[in-house]
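The following block contains the structure, expressed as structure tokens.
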């Protein structure tokens, strides 16, 4: 069954494959969900810098609040739901990486600096690298 | 099969350009958000078929309800927020493609058949293809 | 202003019949849900203009963000869930009308001008007119 | 049944004027928001009775849970935000009417009987009647 | 002071009886849920006063909007779901106490004054007192 | 200011003190929020066992899904937002405790056994014990 599923996946998603999550679990996860929202965060921080319209800047702050919260949510789900004890043995600093990344997402609510958003993206990229390795294993 | 899948993932996960959305707008969009949830939907439909635990099957139905709703949401945002009149001129059936895809997402709430979920994924893949072309243009 | 508002409300809300929606489907829909939120949007835009209290104005912007999002949501549900292919044949510009109306709702997040909110209400009234005709058919 | 439903709808929705709410406040309120969701609730209860598809019936129960919760929410907002002490003097049983109506909405989650949903609608219609009188005053 | 506070915490956190709510009903309720959010509201009002960073102050306003809304929600649930007609006989001003408390929570969205938040906390404490008595009865 | 605040807290909350959270941060946290929802989870598991009404049992499963999700959310917030690096030094297994507790909350969605809910409560109580110690420190 799994192979039939993967054939099907292969057929449609040639250059791209994505994974989601749920708590069934359906077995679908993807760090892209956190990363996409973090891209928004960094984009908003940059637009905040480039604007001098006070209402636009206010909206940037409030929308960033939501997107950064989604980053936290997606990372938390990945940490609790996808990763298993054997992953932790292979990556002893896994907990710390998630703690740091989610704290950076919290900081993103407070910061209007796109280099901060980039740090958040880097932390997610590092988690994504580990995720990809565990998928290959 | 798994390895071909991972090659595909590797290819995208390198120079990654991830897109989210917000209504600032931050200029970040990505059909992957809809697709990831749709992968969940199809995975849940399959797990429903494979199980004979009534509580598990019930949970499958309720979680699918949520994921399918997220598919609708992400598609609607893409349709209203990302696409512009000039895109519509180039792709006159754009509206119909979104209407069909969101109706399929609604049908997914009612269907426990993974081939239905595959039709939804195909409809999203078609929208993704157009999206990628507009990004290149 | 209040009297002009009420005249406008009167004009749109003449034979009104209220319906809701869900995705069962339960068969209950109503453009009033979008219109009510749009009335809030226009009301907030006006109150923004009339105030010189910076915190009040900030709250106006953030609450408008939510109400305008609800307008989009209710319109999207109506478009995808209520309208059927035979309606589209009778109203070939149905897709465009919804696209325009939801884009106006997005613009409402950015605009503090009550005439913009009125345009949104007019677009919803036009959709409501079509909706009422399809109910009679 | 449908015709009886429509008669009932007709009866309640005669001169109706729709209003929304927010907490700015924007000054826009409308009992229609609660009623529309309650119409869904009653419609779902009826569809539950008419179906013998177990998954459909399960979905009916879960969607009704959400719609009934929205009824409670809209009624609570109206009670706390729209009504003022002078209204309470004129309608000393106002609190009781809201308490009863919101308890009926809670009961609707448990009941699959459309006559229960009709009781909820009647309670909302009674609140709507008072609301309309206060608007005229 | 801190130590007296902690003594108080210790006293409750020992044989702990925590109550939540749901609409099953599961029979678990707790005014602490409203009070905890109201503590946040008062804390935010104070931090607003102590800051002169405009973005921080803006974030204070928007986060307070959410926390105050949660206060309303938790109080409404308690009022409708936990309290029964016999409680109302014993506490004839129960409705008024909830109406006042939820109106204070609404006011908290508009006020940046921690003494306002304290009034909200006092109103919740009064409800909590009644709640505790009914639990003993 | 802090002492004035604490005096105020002391005055109203004699036998009870509660803490919430937000991301301002307002400095208010409380493991009670997770525990209260977990009490609901365990209560629902018990009621599921005690009932033989299929619709009631279905509602138990779906409401438990939500309450368990809230447990996860409240624990994640506490882990990322309240705890700091110095806490981790003092409690090196802090990450594991949160990982275990949130995984138990995920398991609670799948389990109808109140002893499972009790394990979740025990895991939260252990986190609460650490939390109280850090408050005293």
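By written order: A, B, C, D, E and F. Residues from 1 in each chain.
As a working rule, contacts are C-beta pairs under 8 Å (C-beta built on N, C-alpha and C of every residue); 3 or more make two chains touch, one makes a residue touch a chain.
Computed from a predicted structure; not experimentally measured.
Under the contact definition, subunit B and subunit F share the contacting chains A, D. Within the contact network of the assembly, the step distance from subunit C to subunit F comes to 2. Taking shared numbers over all numbers used, the subunit A to subunit B interface scores over half, which places it in the same class. Chain centre most remote from that of subunit D: A (centre = mean of CA atoms). Averaging C-alpha coordinates per chain places the centre of subunit B 41 Å away from that of subunit E.
With centres taken as mean Cα positions, subunit F sits 34 Å from subunit D.
With each centre defined as the average position of its C-alpha atoms, the distance from subunit B to subunit D rounds to 34 Å. Separating the CA-averaged centres of subunit D and subunit E is a span of 26 Å. With touch defined as above, residues shared between interfaces to two or more other chains in subunit B number as follows: 23, 56, 58-59, 62-63, 65, 109. Applying the touch criterion to all chain pairs gives A-B, A-C, A-E, A-F, B-C, B-D, B-F, C-D, C-E, D-E, D-F, E-F. In the complex of the two chains, the subunit C residues touching subunit D come out as 9-10, 13, 16-24, 26-28, 30, 32-33, 35-37, 39-40, 43-44, 47, 56, 59-60, 63, 66-67.
Remark: subunit D residues 23, 65, 69, 72, 76, 79-81, 95-96, 99, 102-103, 106, 109 touch subunit E in the complex. Interface of subunit D with subunit B (complex): residues 55-56, 58-59, 62-63. Listing the residues of subunit A that touch subunit E in their complex gives 58, 61-62, 65, 109-110, 112.
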